[in-house]
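Each of the next two complexes has subunit A plus one other chain: subunit B in the first, subunit C in the second.
Presenting the complex of A and B:
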């Protein structure tokens, strides 16, 4: 149940850590896993702090800054939802991955689990970036 | 789709029942019902709750070491479908469950063996420890009782009325409220 003002964790390496939902795409009241939303980056990883040791971790420069408005795909929701096969799934937090306007992910890596609903919603690019999906 | 075991109570979680919680590191927790899910959210330890299988196993109320229990293990080797194999597997499953039931019965009997003796010993001990609470009977009183009882037996035929009265009185003493009323009626 992602709606206006919901804070989500950003789990890709685009540079954003916490984003706030400002709009659900597609005339929906709440967003679920695989839905597209518009977010404002509330917190981004600091750009200048990356020392010689962890340049790979931040991926050089951040692709987004604080205050940026971006599109994103929801990958986990805390609210439980039922799948077609009857299984009811709940995740630990609300999380998303940033995408460009054409639908390509901004980050190059995704940490953590994502919901398997992304396959049905034609978001296989994010699914392939993710290390695991449940 | 498969029948999973509940993470909390080890009951089977049938499809469409219960809830699956996915932690951020990807570990899945299956729960058979909301009771188990709620207890998990309360961070309770299933080993400390008496209604879970984990508790019963940890306290020794159920078999833990047995060859019949190893059949339920998950095998990650894909097997090609074979009609004969399925039929033999089904037969084997039945047989294994039979053996398991028998062994469980034996286990239960062994666990309960000697319960009566233990209870008796405990009762004896209780009485021995609290002997000072028992009603004191003096030797003279005991003697008197014996002497009263003997003539009653002999005179029983001669004076039945007296005996009736005596028995009535005993009853009255036992029943406090009713005894008084009976006396009133007689008067």
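Presenting the complex of A and C:
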């Protein structure tokens, strides 16, 4: 149940750590796993990490900065949701991954578990980046 | 002389006087509450016998009522199905659990029944297996489900799994709780203070041991193979 003012963890390596939802795309009241939202970056990793010659380690560490407005895909929700086969899945936090306007993920890596609903919502790029899905 | 004055008046005056007195009379009539006792109506004259009385049922009227055909009530479904819910559950379990192994695994009279606090491993037909601490067991016939909790890459994940789901191929007990949990539902494990973390190590150890047992390296008989009725002994254990 991601809605206006919800704070989410950003689990990709775009540089953002905590983002705030400002809008659900698609006239939805609440966002679930796989939904697209617009977020404001509230907290970003410090810019000092990515110097010249340190690009491989940090990846896209400063692709976003605090105050940026970006699109994102929800990958985990605290609210439990039921699947077609009766299983109910719940995570301990709300998390998302930033994407560009065209739908491609901004980060190059996603560290954390994501919901398998991303495949149904045509977000396979994020699903393949993730190291684990449930 | 004075008393004769009204008489001596023209007759038109008489008219007005009479009219007034008539109005007064009307007023008096309206105010009276007395009513003379009403005389009861004389009984009606005796009717000819051909005309039936509406108050007295003669034989001629009663007979047609008996001639209307009555039907017995339709057979009650309650008599046919005394416990419909039980039958409905049994009907579905016959399809979902033909050997009855899942039912036996989670039956309360089973001495080896999984309890809250045990580590369970669930294998799916499509998708990765999921292991976790069993936080709660919901016994509701076909809807019987277990709630598993695990930590995957720092994040806690909880999953309700329906044990009769056709998607579930096996439910295995990885590790029993050392001490019986004093609660039926261990929701307190969601709190960071009580969170037991990941079960990855235990599951890895269990799978290694299971592989050794099945290969015969440990010299322990595989219970699923040595049982009298191997089909029934496989209480959800995935065949290798």
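One rule holds in what follows: the second predicted complex is superposed on the first by the 123 of 134 C-alpha atoms of A that agree within 3 Å, B and C clash if a C-alpha of one lies under 4 Å from a C-alpha of the other, contacts with A are read in each partner's own complex, and residues count from 1 in each chain.
Please note the rule applied: contacts are C-beta pairs under 8 Å (C-beta built on N, C-alpha and C of every residue); 3 or more make two chains touch, one makes a residue touch a chain.
A quick note: this is a predicted structure, and the numbers were derived from the prediction, not measured.
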item	value
Which of subunit B and subunit C A:112 touches, first, second, both or neither	both
Contacts of A:120 with subunit B and subunit C, given as first, second, both or neither	neither
Partner chain in contact with A:89 - subunit B first, subunit C second, else both or neither	both
Overlapping contact positions on subunit A, where the subunit C interface meets the subunit B interface	76, 80, 85-93, 112-113, 131-132, 134
Residue numbers on subunit A that touch subunit B, as the complex places them	76, 80, 85-93, 112-113, 131-132, 134
Complex interface listing, subunit B residues touching subunit A	1, 15-26, 28
In the complex, subunit C residues that touch subunit A	127, 130, 145, 152-162, 165, 167, 190
Complex contact set, residues of subunit A against subunit C	76, 80, 85-93, 95, 111-113, 116, 131-132, 134
